[in-house]
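Labels A, B and C are assigned to the chains in the order they are written; within every chain, residues are numbered from 1.
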Amino acid sequence: MNTITQQLAALGHTLPAVKAPAANYLSYTLHDNLLFVAGQIGRPGAARSVVVGAGLSAEAARQEAEIAALGVLAIINAVTDGDMQRVVQVQRLGVFIAATADFDGHSAIANGASDLMVAVLGERGRHARTAIGVASLPTGAAVEVDAIVRLQPVTA
Amino acid sequence: MNTITQQLAALGHTLPAVKAPAANYLSYTLHDNLLFVAGQIGRPGAARSVVVGAGLSAEAARQEAEIAALGVLAIINAVTDGDMQRVVQVQRLGVFIAATADFDGHSAIANGASDLMVAVLGERGRHARTAIGVASLPTGAAVEVDAIVRLQPVTA
Amino acid sequence: MNTITQQLAALGHTLPAVKAPAANYLSYTLHDNLLFVAGQIGRPGAARSVVVGAGLSAEAARQEAEIAALGVLAIINAVTDGDMQRVVQVQRLGVFIAATADFDGHSAIANGASDLMVAVLGERGRHARTAIGVASLPTGAAVEVDAIVRLQPVTA
């Protein structure tokens, strides 16, 4: 079985532990095969050195998007026991980037998340995406990613 | 029957009237048991005195999140005739906070919404959450909250 | 048959071509009759002259919202082969407006998108809406719109 963990390892990534929610909410909800993954962030404080449009490296911001997407994948992995066959498709990815008013390169940064989803999940990882530049993010993160994922019905 | 109104009253809250949408849209849509609640805001103009990160009280902002969540609960109440048994789960809560670029305390403010959902709806109120800091909100509100809620099928 | 294209023509609009996604994602995903439309933007660079709250014309921004909504309609048209009967309802519209911190007129601008959806799709176009003011958008657009649409099951 080709698992999410194996795919990540082949790409040089280690699946992070699923973080306990920072507050009074859940990492995910799942009903009728529709999985909602809570917003996952890159590194706390990263926006201080990586705030987009204010002297940051776009590559550094792209890595923050990748870190946030790793958090999303960790939750998908936990929900599916790592069985990628249970993922029908990532239906939607929301990518929120801490950015200045005059920044316009959100797409390339958001690709840090999108490319990882596709590299790990293949066609199942392709998604409709909404990327926007926000004022700030929890813990001073530079990027936050959430997801809506269609799963296979569990068969008895 | 333990209703949403009764739970709110026990917590010292009064259920607000469902506000007519401020524009050409609906307060909610419901199909296949998936309820989408339109963005509900705290008090108009609150961002002027409560804009997060610019000398506001975090507690005041938390209350704005609570007010916005009350608007969401009012809509859930209207759709379900107050019958909490019809709520399977709040699948996702979006919390949008008017904030400065260097603010990082979004989670505590968003808890004003999350805590209320759980206090009123119990386990059914637990949700995946995405909280972000935005530039500004309609009518100068400090916080906006929207929701996706899974309901029980209506039985004949 | 009254098609989306015909309705748009009657309103004086031309349906734009579906844009290829600017990056590694899809224009839409569709499973179990739930269509997720990726964020569609107004004109690149429009935020420079139309950034809301910083000397723009609200009417110009409203037109940007309309352009973004045309992009959403182009995708709905492609998915349904223009057959509006296949749209059960636009369940949710997200409207993201590049705005300053003290701007408060988001609703009127977002109506540029909402009004078009209803003018073209009628009651099927009515939607729950979340409108927020963001720091910036991809390519310097002034407005971005995404959608979740409930479609009829395809019958054999």
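As a working rule, a contact is a pair of C-beta atoms (placed from the backbone, for glycine too) under 8 Å apart; a residue touches a chain by one contact, two chains touch by 3 or more.
Being a predicted model, the structure only gives us computed values, none of them experimental.
J.: Chain contact graph: line, ring, star, complete or other?
T.: It is complete, because no pair of chains fails to touch.
J.: Can you tell me the C-alpha superposition angle of chain A onto chain C, nearest 5°?
T.: Fitting chain A to chain C on C-alpha positions yields an angle of 120 degrees.
J.: Taking shared residue numbers divided by all residue numbers at the interface, is the value for chain A and chain B over half (same) or under half (different)?
T.: Because under half of the interface numbers appear in both copies, chain B and chain A meet with different residues.
J.: List the centre-to-centre spacing of chain A and chain B in whole Å, with centres computed as mean CA coordinates.
T.: Computed from C-alpha means, the inter-chain centre distance equals 24 Å.
J.: Specify, in ascending order, the residues of chain B that touch 2 or more different other chains.
T.: 32, 34, 98, 100-101, 134-135, 148
J.: Given the complex with chain B, which residues does chain A contribute to the contact?
T.: My answer: residues 21-29, 31-32, 34, 36-39, 44-45, 47-48, 51, 94, 96, 98, 100-101, 134-140, 144, 146, 148.
J.: Across the complex, what residues on chain C touch chain B?
T.: Interface residues on chain C, with respect to chain B: 32-34, 53, 88-93, 98-108, 110-111, 114-115, 118, 126-135, 148, 150.
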